[in-house]
Amino acid sequence: MSDPEAQLQVTYAEAIRCALQDAMDADPAIVLLGQDIAAGFPFGATRELAARYGAERVRDTPISEAASMGCAVGAAMTGTRTVVEVDFAGFLLLGLDQLVNNAAKLRYMSGGQLRVPLLVRVGQGPLGAFAAQHSQSQHAWLASVPGLALCAPSDPQDAYELLRWGLRRQDPVVFAEDMRLYRARGELVREPADSAAEIPRARVVRPGRDASAVCFGFGRTLALAAAQALAGEGVELEVLDLRLLAPLDGEAIARSARHTGRVLCLGDDPLLGGITATLAATVHEQAPGARVGRLGARHWPTPFGSAEAYVYPSAESVASAVRRLLGAPGEGAGEEIVNGEFRMAAS
Amino acid sequence: MNAAPIGGAPTPAELYARMALIRDFERAAYRAYERNELQGTIHASIGQEGVAVGVVAALRAADKLLSHHRGHGHALAKGVDPSRLMAELFGRVDGVCGGKGGSMHITDVGCGFLGSLAVVGSSIPLALGVALSAQRAGEETVCAVFFGDGGVGQGVLYESMNLAAIWRLPVLFVCENNAYAITTPAAHTTAGPGIEERARAFGLAALRVDGQDVEQVAGATRTLAAQARAGQPGLLECLTYRFLGHSRSDPPHGRYRSREEVERWQGRDPLAVLAAQAELSAEACAQLEAAAQARVQEAVEFARASPRPDLHVLAQDVWG
Amino acid sequence: MSDPEAQLQVTYAEAIRCALQDAMDADPAIVLLGQDIAAGFPFGATRELAARYGAERVRDTPISEAASMGCAVGAAMTGTRTVVEVDFAGFLLLGLDQLVNNAAKLRYMSGGQLRVPLLVRVGQGPLGAFAAQHSQSQHAWLASVPGLALCAPSDPQDAYELLRWGLRRQDPVVFAEDMRLYRARGELVREPADSAAEIPRARVVRPGRDASAVCFGFGRTLALAAAQALAGEGVELEVLDLRLLAPLDGEAIARSARHTGRVLCLGDDPLLGGITATLAATVHEQAPGARVGRLGARHWPTPFGSAEAYVYPSAESVASAVRRLLGAPGEGAGEEIVNGEFRMAAS
Amino acid sequence: MNAAPIGGAPTPAELYARMALIRDFERAAYRAYERNELQGTIHASIGQEGVAVGVVAALRAADKLLSHHRGHGHALAKGVDPSRLMAELFGRVDGVCGGKGGSMHITDVGCGFLGSLAVVGSSIPLALGVALSAQRAGEETVCAVFFGDGGVGQGVLYESMNLAAIWRLPVLFVCENNAYAITTPAAHTTAGPGIEERARAFGLAALRVDGQDVEQVAGATRTLAAQARAGQPGLLECLTYRFLGHSRSDPPHGRYRSREEVERWQGRDPLAVLAAQAELSAEACAQLEAAAQARVQEAVEFARASPRPDLHVLAQDVWG
């Protein structure tokens, strides 16, 4: 694509905007719904799109999450490919009946007559001192809903590619944007609109031989930082970026697990009921004998202020967790993990 | 209240025939239920046929419908094939949804019946999107969505009225007020001057009609549908009554309604009301009823003969 | 308690009614909210309570799940212990913002000033041909919410005891009623109102040496039936009834796993994101070396009709899964599992 | 519109002092924010002080309050200690919530400020339950809940109005209509004759007042609170304006409001309006403002001096 912006340093939020723009140029059936999206508030992911496509395609809604989501479902099932923006995970709950009971099930219940090409962009994780109602991750919740695909992009290029994929899919996609990444910068190559439609696979974003970090979203940033620190200690951490959580690329997880024999499953929801449990079970089932650890959120509502750092994993806690996985089986608790909660299966 | 005759539209005999078809279809489904040929639950619309038939009679074939748990009548009125509908209730592969949806989740895209859904209020906002697609495509179609007096309790209804009004969407909200939500009288759960007045407060055009009078329902629908096509969405409240219990788990008359009340309403049977109004002879009515029964009998046999979906069919429509 | 009903055969629904009645007799601050609860529709769990306590304490609500749940939260935080009935899991989504963003977080966010003694009774699982919108299980979802306790009673006595416990707790409880159990009968001993308030522990409801079934709700019925069938083959299956999923009794799981070395984790939500993943991870972490299997729901919306049997585990599929766990590691796929989805970690 | 004098209630000087306290508190918080002493975000209520102070002035000490994301003013008006409120904004252990709630989640049970919550509309139904507890206890207290014109988009508001009306709950719904939800004009998202009319359609008593006139707000509140105590819940719509941007991430005047519009409203500053109406001298006003500034300065120092909650405190209030 001979677009001037064809290759440049952009933020995650800008990459999302680029993907929306390229998709909207390619597909006039795409309509965006959300609050203050014409102004691009608060993260800029829709900035300038209203000027470019008009109020007919970039539609500011009232603060009516349920009706907006339901409207998007009805539009999607009648030929209007709809993108709904929900700024924070907590607000998604207001549209969840529409998403789970309708969008995810209509194709199945109608015996395939209805398809619902709806894509829901929703912020996940903490943003930095927004406290409990604005800080939560719902990855396991959403992945467990039959009928939904769940994307969890980890950098600008990944966000662009997954969003373009999601906007070619005929069934509903939840696009989980990690709020800690909105300002993260990276190269962006804008792909032609006619790219393949196969389900994107997980990617090894850093090869390693000693242990694997299975991650997604902001977890990739943490894992790469930890890998760098560990490299200084002679430890080669492989970083597997899942990209999608539903469907889950179990083969890629098993491949990396067999290669390193030590796997850290990294997530942002609590260990009880959270996505790290599914990742760990997948390793145990598909790569028997690997030693597996889970690092996720503390089982707390997110406190206000810098205290939120206790709840979610950090690069330090990822590195510590990997060291624990590398320790001799019998070995004591090892170094304490302050950011997030860690458990290990000392097989 | 607007009771204009529905010139150009179906004749009284045709309206009677459609109501008779719904009546007998529901009866047959109930009997199949009692014979354990049907599983789960069903919600019959006997007594409310005038609403389904009246609304659809005033709409165009290209218009779209959405409905709720009590949706068989709406589907039949819109033209869903009785055999494939019955097969769906039986959970058979020749059902409109391949037997995967069942009584509470009926869809037949081919005839514009986009779906009945089981979560009260949940189908309402879908109408906005259906209307938005039509508006964008420059089609002149209206999307009508049926819900009950119980649906009036759901906040999403008001969010949806508001959105329809600000976006000038061609939506017709049809409240089928049969005075009860299961055992709960609407009067106990609905504050203020009424549903019609609520709709006006959200910028909709609104009318309240006697749901037992199919021609009155059709007339009011025509008025509101014309406004909806012009960008002024509306709400139609139809006062009606279900002659049976809420569902299989509710005795035919329930404990919460007096025999007098039930009998008073049964005296306002929409078929009888139309026959009297349009002076249809007893013979004519009997013939139309017999035709309906024959069609429904055929539907039941079709359903019985159809197999259940196999594992292969059931695994479809999830991924890929 | 010298109540005539003190010990008799009752259904699960009647046991719930007995617990509500005994709790309401003991605590005048308890109020019930729900649709058609005065009539006891549809499962009879509140039948006769309106006659006994009046419309002030047994309050029929409009079909307004969000406002009803919010009302219950506000009442609970100001001294009215509130019980909300939500008949089907699918409807809970409409009240989820209130439950997750408010009820679960208010104590924490207020620094302990507010307590929310709210108990939400919600039906889970399939009921028999009610199709996708009325048939789903949300155990992992709900367990993962910090601030909520999650009960999943398995028989009338258990329902009675857990409900009495939940109605003494000062924080929110989700009481997950398995709809397949409402008509199940069992003995009921009504305990005195002043019973202990400690968190109930998991129970070994059938001892065994060869394998363990870790289960809850209707899963206990399936596991006991499978245990009986397996006993005929000389296999002694231990059945551990978890009773609560949040908090989770990891020690009891580890104890049984160490004892038998073979563990089947049984649930009703999909293997991707579902509760069986957390149960399996718990075994791997706390009882290294055990062989672990997961039997949960197929990753489908629930089809209408008898086809729903393909989605959820059955006694047969539990027995088959246990046989697979007992097979030699290398051994091939073993017998096919039709009801539900099974995966095994062949450690 | 009811502008009865508020005899027996706070004097104009007292009202002025309270508004001045809120004004300076918000300014100080903003400054602390710009110095990076505050984390996350804050929503200042500068320009809207008349609503918070007017409503609370007409309520009783035992009455309860609930609020939303823009709640500092409501908290201060209800009597929350400025030092402990500022410490909460600073995320310190001496904050009203131990530093765990922050600006958008303020609770001070001791003075009847039951909580400001961050999910738009979400605090509204809590008022029903608070009122239900009071009703059951035979107390005569009212629960007032503040929300914005944006909150009017949430269906739970209408579900809540309906429930309050059918259960005759002592609830006062206060819509603080500052004409914008972030960048979105209320006029673009609200169909029909208006919020006051919507409330009536749900069986509430309703009044609309000039929110820049604290005495008018107090008078209307007294009228509606009295009815609420008698079992007739009501809604008060206050027309007001925020003088600053929506939050830290929104420039002081925003791009979506014209300078003229902002300046026109700044000309209707609630402090100036009261001073003129009540003929408060410039000296008197200056003194009251100086006192407020001193109190706020003390609050900032208190907040700065307080430590952050440690791991032990943070781990509390989850289980047990």
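We just call them A, B, C and D in the order they show up, numbering each chain from 1.
Just so we're on the same page, contacts are C-beta pairs under 8 Å (C-beta built on N, C-alpha and C of every residue); 3 or more make two chains touch, one makes a residue touch a chain.
Treat the numbers as computed from the prediction; the structure is a model and nothing was measured.
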Most distant chain from chain A by Cα centroid: B
Centroid distance [mean C-alpha coordinates] between chain D and chain B, Å: 45
Averaged-CA centre spacing for the pair chain D and chain A, given as whole angstrom: 36
Averaged-CA centre spacing for the pair chain B and chain A, given as whole angstrom: 41
Multi-partner residues of chain A (at least 2 other chains): 61-62, 64, 66-67, 90-91, 94, 97, 101, 108-109, 131-133, 146-147, 247, 299-301, 303-304
Shared-contact residues (touching 2 or more other chains) in chain D: 97, 99-101, 105, 117, 119, 153-156, 159, 162, 166, 188-190, 318
Pairwise touch network: line, ring, star, complete, or other: complete
Residues of chain D that touch chain A when the two form their complex: 39-41, 91, 97, 99-105, 117-121, 150-155, 181-184, 188-190, 246, 249-250, 255-256, 308-309, 311, 314-315, 318
Residues of chain C that touch chain D when the two form their complex: 31, 56, 59, 61-62, 64, 66-80, 82, 97-98, 101-102, 106-114, 146-147, 247
Contacting residues of chain D [partner chain C, same complex]: 64, 66, 95-101, 105, 107-109, 114-115, 117, 119, 122, 124-134, 136-137, 143, 155-156, 159-160, 162-163, 166-167, 316-319
For the chain C and chain B complex, residues of the former touching the latter: 35-36, 38-39, 41-42, 60-64, 66-67, 90-91, 94, 127-134, 299-301, 303-307, 310
List of chain C residues in touch with chain A within their complex: 90-91, 93-94, 96-97, 100-101, 104-105, 108-109, 131-133, 139-147, 246-248, 269-278, 280-281, 284-285, 288-289, 292, 294, 298-301, 303-304, 343-347
